[in-house]
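One structure coming up, written as structure tokens, with questions to follow.
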């Protein structure tokens, strides 16, 4: 059994009395791909927002255990702090910086791993220049990794949809995460694109040795790549297990998959 | 035919609209009414002609752009291609250098005003154009700079050169002071609070006589010295002119560097999408504060020069209208575009001076051109094109390996 | 205590004056999210038109309520027409433009209109006739609260109620809210969005005209510049209350009116605007969307 | 790039053309706010200069040359005023009539001083302009604020018998200056006290709070420094609140517009202003010229502007040249008849022969109080 | 019933449709499938008049509509359920439905249709007074369809009704689409990513690539087409 990298205990989030997430436990182990599925409005995205700092959880604990370090409680930290601790995410509705080029988008992702300041920016000393060169190189390599070299200097908003999704992943990867959170990465993709995404996610895990937590509706993708699946409905966790277990779980079929 | 009918209707509508204000003038005391029927004819004919021009421009705007997009515009070539950029810059420098020697003092004076607004525009451009924070109280920092020189000079006899960095620092300090509480606000709320802040600073300067000498202002502010040497007032103007040229060059240099730096990227990212920006590990507050402080630094610095130039300041120079004009420079120029801001500052500051012959109609034309400019060219004089990063070199280097 | 009460009434009047202008601001903002800087100028044009009409009528021998009613009607018609035209010229072509463009256009329009009236009429202050009659039942209270103050407060309250009803319950009002929330979808639902926006401008301008006539009549003088200062204050009030919200505009205006009144009364009028803006900053820091405004939670 | 070249060449040509035209006329610069919200204070002076110069030119001009007006707008803003000043200097103005606002005048004076240009303002009443000694080239045909304030304070206490005085101002350069002098004079007197000293915001929609505060302070007289629009609002609200407190104000209020605007409520208001000159023949003449040409009553500072034009032209004529020192000497030595009386100038630049009287609104007119 | 002939539509300078021709007969369910960014949504927006085509013609029941404004087009009987549902978030469910019937004046008819949609989606009756923005994705989709139905359309345009919905809900939505088509004889123009489901309910299908139609055929035949299978069905 590998070590845990993320351990969420009894996470609860209420909005004006409404429990959007109700005491959900979830954990991700090192090198694992974990999927979180459930009907619309079940609280998946809220769960994501809670662990990435966009919302503050009402109750419960979010612990991260960066490889080789001690566990740390990150409830209520600002999103940028959480990212710099090594947890990066993508968004359900693509949130790229539309007027920046693909390369720049990834370069922004490098922000929290670089440190040039105002003085450096103005005088452009050797260390700043070196850092800048490295940033470009790293960003370019990441674009290559996700197969977007042809779009390097294209504005993000002009990219094809599937490419935008992949660019978001590259941008998140630029923050050097040990845990990558993907919010519906396949939404709006056609089957071919989804298949490519499938390969991409697996490849990233291998190449960068990280863990992945994803929300997804495309069952084929989820079943293909996940090691474990968590199912939530009405803010509560209703099932947990390997893809096979989940597929046959009657509660999941009733609430989510429907009978064929 | 359809156009004719429409134009006649428009013309009639405007005759109706302007009837009470343009045609009738009542003198309530003498109980007299003045009917100015000629105005009605002017309006009728004027709007009729204008409606044709409007329609033509609208049609062009809707169709237009197709060609524009395809060919690289002259200004882009000029600014990005070294082949042209260097001689162009050199030529401008030469002109800038000989300019004061071939024109009257009046022209130098107005040119200094224009250059002051160029720097103000570029400073505000950091805040509004790059970081996307709408600041309607920018003039407050300008006032801080101007008053810091005037007061320090008056009370302690501090020299211009000592005050220039102090003004910049104080500007930055006030930028942060304002920034900390209000940066949580977004868009229009931020706008109105910054407007309020600008007014607060002005009102304090106006009312706190013991501190700022109130509305009567501070007169006889010293001229800059030249290596400790006193210079005459007209020599001073020449000196300030060159100083402003240097400052403009320095500002362009800095803004350009900032734009293409780690910090500049985070500003643009912040403008584009705050949430995604945070998710990339960027500290929103710090980044915004940096923008605010830097913008304010420039305003403070140029405020010092302003005080030295006019040798007299009072709070009336720092009203909301001033902020609005600086903001107009940024937007008319094309948000984020350095060349655009410079051109817009020249147009907005030099045009009213050139229109002195029409002094009564000056502000009318000013207002109307702001509207028309936005309607027919909302992206500004020069739409900002971000420089793209050089990656070809890297690619080739890789292949060589 | 009496002093307090007097200041309270003074603040109430001042707040009501702001509110009449702020209501128009907030309506226009509500639908196209534009700070219509030219709104203050519409208020000024309304007052000017009313002055011209009232003078003509007085010279023709009319008096009393008839003058008030007629000049009010003409002022309303003209303010509405100006609002409509301004929207068509300066804002409609900018629907797709970046957010700052219409703001600049609005500032330009405001400058243009000020100078238009300056040139077409005069730069002097003009006396405005006292059109509001003095009610006999107010006679004993006249020294604390005059008839015109009463009229202003009542008209403000009525305007707020009518507008709230209009927006909450009529089909038109619902269409306005729908257009504000999602313009494209409103079009798809068959709502003529351009017409809705025009209507909103006309309603807002109408209110400004009513305000212009009443306030000018209360204060007794106008010039081409009155719109600018009143406009900025009213806008501040609208933001204070939560821009886009009708009761918010009124509440914000009253809070602002009282703040200024009490600040003058108990501290010093030197800094009344400083107090007003400081209050604005403080409220927005603790309630970033204003007193009654709803914070939009951004969907992630 | 071509464009820029054309522009600068054109600019060069323009500036050369400007200086080539000089020499055969005497150029009188007229500077003040001619557009914007303060235009009503600047335009009467332009008209006065036009009328006075038309007369002079008709009579053969000055030193045998025609007088030419260079009218430039400064919108009453210091930063624009410096541009205006350098434009006038560049265009060859030998003397300048203006500026109107004290702040703009202060900013512009340095430029004129360098170019040795004499400046005469019809309206800038800030005491420092003459008393500080910083502006040797400055003259004015209107008395300074401190004299007015002294008159106001003494009148309120000694003539009206006020014990408690509220001093109110409009926070402006002019109004606040006046109010502060008034306050200082009042504090020196031992039979009265200042119970309130406060500024109001010009353009505010109403002044009921400050009116309540005046009432609350128990003042039996108000001394107001500022212009007529705010004064009329305050007086109107005071009277509507049934307060019969004395209202004493300054030259900015001694304007017929005040009476027009405040109507019945203006009755009984005191305001100081330049001594009554309506009986002077020259004043009558200037007034008639204005009515004939513009069809209306002249506005603020018309007669002072007229007087300044006459005084400047007279000094040049007497000096026999436009030389700075010669003109300066004649300004100080020669008396000249103007619409404000027979005037000359003292060492500091203040006009001798002009002063203030107190007026009271009686039956819709300002009547001088002897 | 609806005839789109060679329309070309631009967003600013970018051409989104490069000559699209589509025909829909009365009572039909047709589907338009294609990749993201192929121009499917633009086609619908062109029909609805939100982004009018720069050239080409659209006729509905013999009348040219490509120069009409969106409200005139709705009045003629074309309603759209746009991508992303676009519920008015601050309006209640009832108000959202009312907005759907904005142009109608027949009170009795409106009431009848209201009853019909509430019967179709009983959950909406429960949520009546709730603000639209607080509904879950599936409920919002139901509301969006109901809102469009409130206009009593002859032609219903549906843009990606399954986007982002759980498999269970998707199935229910498609059932309802078939039901609307059969019970009300409403013609349906369905734009879908989920080609699998779309081709199951549609009679005919169009395939769009890069702003142009590349294939037209019976839905069944399309579903059997090798290329379609590979590119859109994921088999």
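So that you can tell them apart, the chains are marked A, B, C, D and E in the order they are listed, and the count of residues begins at 1 in each.
By definition in this document, contacts are C-beta pairs under 8 Å (C-beta built on N, C-alpha and C of every residue); 3 or more make two chains touch, one makes a residue touch a chain.
In this text, all values refer to a predicted model and were calculated from it rather than measured experimentally.
Enquirer: Quickly list, by label, the chains bordering both chain A and chain C.
Expert: Per touch definition, common to chain A and chain C: B, E.
Enquirer: Determine, using the mean of C-alpha atoms as each chain's centre, which chain is farthest from chain A.
Expert: It is D.
Enquirer: Which chain pair racks up the highest number of C-beta contacts?
Expert: B-C
Enquirer: If you average the CA atoms of chain B and of chain C, how far apart do the two points sit, in angstrom?
Expert: So the centroids are 29 Å from each other.
Enquirer: What's the distance between the Cα centroids of chain B and chain D, rounded to whole Å?
Expert: 33
Enquirer: Please compute the C-alpha centroid of chain A, do the same for chain B, then give the distance between them in whole Å.
Expert: The separation of the two C-alpha centroids amounts to 42 Å.
Enquirer: Can you compute the centre-to-centre distance for chain B and chain E, using the mean CA position of each chain? Integer Å is fine.
Expert: Chain B and chain E have C-alpha centres separated by 47 Å.
Enquirer: Could you check chain E for residues that touch two or more other chains and list them?
Expert: Correct list: empty.
Enquirer: Multi-chain contacts in chain B: which residues touch at least two other chains?
Expert: 28-29, 207, 275, 360, 363
Enquirer: At least two partner chains per residue is the criterion; list those residues in chain A.
Expert: Residues 54, 91-92 of chain A touch two or more partner chains.
Enquirer: Within the complex, which stretch of chain C touches chain E?
Expert: Residues 171, 174-175, 177-178, 181-182, 184-192.
Enquirer: Going by the contact rule set out above, which residues of chain B touch chain A in the complex?
Expert: 254, 257-258, 261-266, 268-269, 272-273, 275-284, 290, 294, 386, 388-391, 394-395
Enquirer: Okay, in this complex, where on chain E does chain C touch?
Expert: Checking each residue of chain E against chain C gives 48-50, 69-71, 74-75, 79-80, 82, 86-91, 95, 98-100, 102-103, 147, 151.
Enquirer: Would you pull the chain A residues touching chain B in the complex into a rising list?
Expert: Residues 52-54, 78-80, 83-84, 88-89, 91, 95-101, 103-104, 107-109, 111-114, 116-118, 120-122, 124, 128, 131-133, 135-137, 140, 152-153, 171-172, 174-175.
Enquirer: Quick one: which bits of chain D touch chain B in the complex? Just the residue numbers, please.
Expert: By the definition above, chain D touches chain B via 1, 4-5, 8, 11-12, 15, 18-19, 34-36, 72-73, 76-79, 82-83, 86-87, 89-91, 102-103, 106-107, 110-111, 114, 126, 128, 134, 171-173, 176-177, 180, 199, 260.
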